[in-house]
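Just below is one structure, and these are the notes that go with it.
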Amino acid sequence: MIVEMSRTVNAHQLEQLLKSLSEQHGPVHPVSLDGRTLLVCPKALGPVADFDQHPEVLRTVHSTGPFHLAARALYPSGSRVRVGGVEIGGPGFTVIAGPCAVETEEQLAAAAEAAISAGAVLLRGGAYKPRTSPYEFQGLGELGLRMLAGQRHLSGLGTVTEATQPDEVALVAEWADMVQIGTRNMQNFPLLKEAGRAGLPVLLKRGMTATVDEWLCAAEYIMSEGNPDVVLCERGIRAFGRETRFTLDLSIVPTVKRLSHLPVIVDPSHSTGDPALVGPMTLAAAAAGADGVIIDVHADPAAALCDGRQALLPEELKSIIDDLDRVTAALGRPLVRQPARAALPI
Amino acid sequence: MIVEMSRTVNAHQLEQLLKSLSEQHGPVHPVSLDGRTLLVCPKALGPVADFDQHPEVLRTVHSTGPFHLAARALYPSGSRVRVGGVEIGGPGFTVIAGPCAVETEEQLAAAAEAAISAGAVLLRGGAYKPRTSPYEFQGLGELGLRMLAGQRHLSGLGTVTEATQPDEVALVAEWADMVQIGTRNMQNFPLLKEAGRAGLPVLLKRGMTATVDEWLCAAEYIMSEGNPDVVLCERGIRAFGRETRFTLDLSIVPTVKRLSHLPVIVDPSHSTGDPALVGPMTLAAAAAGADGVIIDVHADPAAALCDGRQALLPEELKSIIDDLDRVTAALGRPLVRQPARAALPI
Amino acid sequence: MIVEMSRTVNAHQLEQLLKSLSEQHGPVHPVSLDGRTLLVCPKALGPVADFDQHPEVLRTVHSTGPFHLAARALYPSGSRVRVGGVEIGGPGFTVIAGPCAVETEEQLAAAAEAAISAGAVLLRGGAYKPRTSPYEFQGLGELGLRMLAGQRHLSGLGTVTEATQPDEVALVAEWADMVQIGTRNMQNFPLLKEAGRAGLPVLLKRGMTATVDEWLCAAEYIMSEGNPDVVLCERGIRAFGRETRFTLDLSIVPTVKRLSHLPVIVDPSHSTGDPALVGPMTLAAAAAGADGVIIDVHADPAAALCDGRQALLPEELKSIIDDLDRVTAALGRPLVRQPARAALPI
Amino acid sequence: MIVEMSRTVNAHQLEQLLKSLSEQHGPVHPVSLDGRTLLVCPKALGPVADFDQHPEVLRTVHSTGPFHLAARALYPSGSRVRVGGVEIGGPGFTVIAGPCAVETEEQLAAAAEAAISAGAVLLRGGAYKPRTSPYEFQGLGELGLRMLAGQRHLSGLGTVTEATQPDEVALVAEWADMVQIGTRNMQNFPLLKEAGRAGLPVLLKRGMTATVDEWLCAAEYIMSEGNPDVVLCERGIRAFGRETRFTLDLSIVPTVKRLSHLPVIVDPSHSTGDPALVGPMTLAAAAAGADGVIIDVHADPAAALCDGRQALLPEELKSIIDDLDRVTAALGRPLVRQPARAALPI
């Protein structure tokens, strides 16, 4: 249960309300979200109807948990997240593209050009790379972030990049438009909390065996620190199959959208690990109701320092987005286009 | 490796060829498929090139196994299966609909009408139902088959129905247009062999934890008995998720189509177990490259004797197929329409 | 809910009871088990207490389903199954050993000798082999059954062998002491029913992704046809792991024993697919509370026609059973020894 | 491939060797482990035999990766880890027990007494708790660490407690004897690296869907920072089963011991989530070859702030360890006993 306060509530009123709420309904967690104060009562399973009449209570929202701020009941028409001038979760379908890892300025520039030419509107690229082995390329770190920021300036594309520990979040917030929490960190709770305090949108990948409750509780960690701008990303689960790297779970998209107001995108590259499957799975993600996709592209996949196996060539990306354009039109969700300012970078 | 013989090969030539093939390449399995003799050499991993020159050898086909007749190399442009006047695997997208189980003539007639009105072109309905508990409704058996045949006559719709043991296959062949092998029977090898000898098309559902190799080897069991008309059906795998009944594995569709020439359809009803997910998953199946879908519909789902939980209402089915029509058009694979004769049943 | 009748109940009394039970508690399924009539009322979730007083009612058993005859409530102290003079589910721990498939009389004789020398008390060996590919060795069929019966005669060991379709059950019953239902057939319901009517003990392997409810409902299919002699066998589930052939799920043993009165054994050979793991997993199965194990042994694993990869050599089997002897003694469940008659075969 | 240097190698020799190694075998990672310098050459798949003759090279170790320092080839007879005066991985079997979370001094004292009375030799207790929901008890933090240190002083038991982010590792090192990396953090690479630099033994729980390669690569992250004292802990995987909280994967124990020299223990509490299964699974873990177990115990499970559902009562723990004593004796691995100093805390 959530109690949403008016903007005019004063400290004294709030204190009194907290007191009587907690007496009747157990612990109360006040959260400041989008300039409003929300009082989350995780144990109040029944209605807190008597508070509806309070002059400073805008509404009480029925949510039975385990997640509350992430529940669809809070924003029944869905929430939208703005990243670098582009919207995710609105009427259009948003394509993010870029290399798995930032390697060099040239590589990043080529990927950004491929993204723009194909019709993508946000640029991905990792500077901190969580790698299975300590002997693999671990990312360029802050240097990579700076390269990404440079490319944002040149191309006009908003940027998405990963943080792997709390300390890195502030750096990412300084240099990029959206911070990604990777699948291995979906339950890295200190990192989630830091992302909740950082003031930039968060792309929250699903843990490779996360249930929906666990995923939305991870979003709740971010939101309960005051950050409403969370985009979920399905990226494949670990099942028994060996033909693809992971098993893309597309039915989770409509399942999550029913339970939560948060936008959901799909990663067809990391889930399949196979460039030949990225096209079909991109179209299928759109048809399943996703709000966007995030796709790996690299001008020279064979030379990539990280996960090159699954990266598309620029022309492959373009061909897929051309197909996607027709499908999203038929679905009534046209592709989100690059805002005009992007055409005039200096 | 497969050696395909000309139609003019005589018994003596065949015998000689078998002898020299088996001497050089291990056991040989002769299969008669579509009027041609194919010699399957499962151990011949390398090329059997020296046989290419044989006057009665049309071609040798490189297949490394474990499946051979089901391998795409045999029919690189894909195979098509005709069922009740309708094609699966051709340029169009085929919709099968009907109730989970045949219950009464009225129920079946209502479902058939719903299927036709919505735009489906084949009718499903089970007479032999594999049920988890012995105390659940087990299907009407032969009576159900006869009802289904009656409805075929009245509606003009070709029919698909399940056999659960070898004895039932001949009965199904007598009364229906396509025999279904269910997920629990995907490795019921005596049943597969019988389906291979029965002379009617087979809908082979994927076992709920079958790998691609196991699935295509199951198809190979059917084909190696002489039946080329196999349609594969993805119907959800068993993973850790609890939000849906099974986890629909759509990336298996392009994966299998790359490995095999057989048509692949998707069952969005039994996989999700949730009518609200059937629409998105139907569109996603088409976008992923499937050749069709098979959907549960029931005029009164709450009264259904079997799996009513997931059945669509007639108007829901129609609404989904309307959406599907736009998506398949955008994909360049228009919906397969009911052949003209269906409009004039006697 | 189950109503257990006295042995003296007459047809008229039974009919009346059936009538009033079904009026009050929905459908009733009469089952004749061990000479007693049991009335299974799957929908009677609450107590059927008013029937307790009926003079011909011995007791009513509370079982909430989905399984009833397999529920521990029916025989709270556990049931025991006798096979070839040996008990499974009693105070001792039972070892079954033998080759995956019957190949030749010599091979079978060597395996039987290995089994006896090591301390196993029942002989396994398949005549009907469910194989993934149609081109693999499919078993010797009836000839294999006859060889197995010959070896039973010579060695005195009771025998276990698989049936893969209903027709084969009667043949197995003629030539062997226990019929096995394999993992791929756990939900082959016509086969289960036939096994329920065949009058010999059944070894019911767990489906590789069967839940406990599905497994015990499969046992219920057998029992509801009148056969009380079902032994369950955990043989590994399909999870994401690739180091072993399947993932042995030992915690299912105490879980099932809590829910069901049926004996449970473990197959460490087919689950791991690795001879080096058979020893540790055999000991672990005993420690987890299993009633026995079934182990593959072959005098020449490399030459085996089926699953030789995982078969133990005779001396490896002996070494493992020696270790097992100490562990089962510590657990208070000594190894079941070969009955005396076995020493004097004619 | 690993090249192990003598202790007398000097900086100049090392530099030369690094140079020629990297020229011939790609990147070299020097690691200081137990006072020796090891040069890890992850790309040197073949032997680096020519270096064997170098006067300062003690030996070259063949390891094909992806893990090297964790490979059994490095210490073929297995490694032992000392924690608070007790050994894990030696000839005996080690029992760790304690509450899931440190709650109060009284609760911890009661749990420590239960642990000692039952025969456990190390005390577990979490101060930083990774919880699915942000509204659940998150642990006492540093206060909890201090309580744990107090209890170590009073009871003489060495202590194990979790760190959930890099910053917490130094605190844990200050107050406890062993730092635990939880399942959700198995691929939290910054945390692993910090644990590698912290100078205290690490208990590395397996990620709930980690493959063996991923698990041992996580250990490699710790070891490659210079910490040889890693103990692995199997704690259940996420599969389709719903009867237990996770699926305990005991066959991973002998699998990992074959591949790695690191000790392996088992957590029967968190894996099953069911106190009735902790006993059988503890015995099974010992029988499968584990080096120890870690068990939840709580004097009042119903009042526990975290995971009380699975905690044993003190008398249940004692009963299980009594059984375990007999089984480990039969296995030839007697229980590790509390060292004498523990009897005389000041």
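Here the chain labels run A, B, C and D in written order, and each chain numbers its own residues starting at 1.
Keep in mind that, in the parts below, a residue touches a chain if its C-beta (ideal position, glycine included) is under 8 Å from a C-beta of that chain, and two chains touch if they have at least 3 such contacts.
These numbers come from a predicted model, not from an experiment.
Asks: Which of these pairs, B-D, B-C or C-D, matches A-D in more than half of the residue pairs in contact?
Replies: When the contact pairs of A-D are compared with those in B-D, B-C or C-D, B-C matches.
Asks: Work out the mean Cα position per chain and let me know which chain is farthest from chain B.
Replies: The most remote chain is D.
Asks: Using mean C-alpha positions as chain centres, tell me how far chain A is from chain B in Å, no decimals.
Replies: 38
Asks: Measuring centre to centre with CA averages, how many angstrom lie between chain A and chain C?
Replies: The answer is 50 Å.
Asks: In chain C, which residues are in touch with two or more of the other chains?
Replies: 209, 238-240, 242
Asks: Would you pull the chain A residues touching chain D in the complex into a rising list?
Replies: Interface residues on the chain A side: 27, 29, 40, 42, 65-67, 130-135, 138, 164-167, 184-185, 187-191, 193, 208-209, 213-214, 217, 220-221, 224, 238.
Asks: List the residues on chain A that touch chain C in their complex, please.
Replies: Its residues touching chain C are 238-240, 242.
Asks: Taking the complex as given, what residues does chain B use to touch chain A?
Replies: The contact residues of chain B facing chain A are 209, 211-212, 237, 239-244, 247-255, 258, 271-272, 276-277, 280-281, 283-289, 323, 326-327, 329-331.
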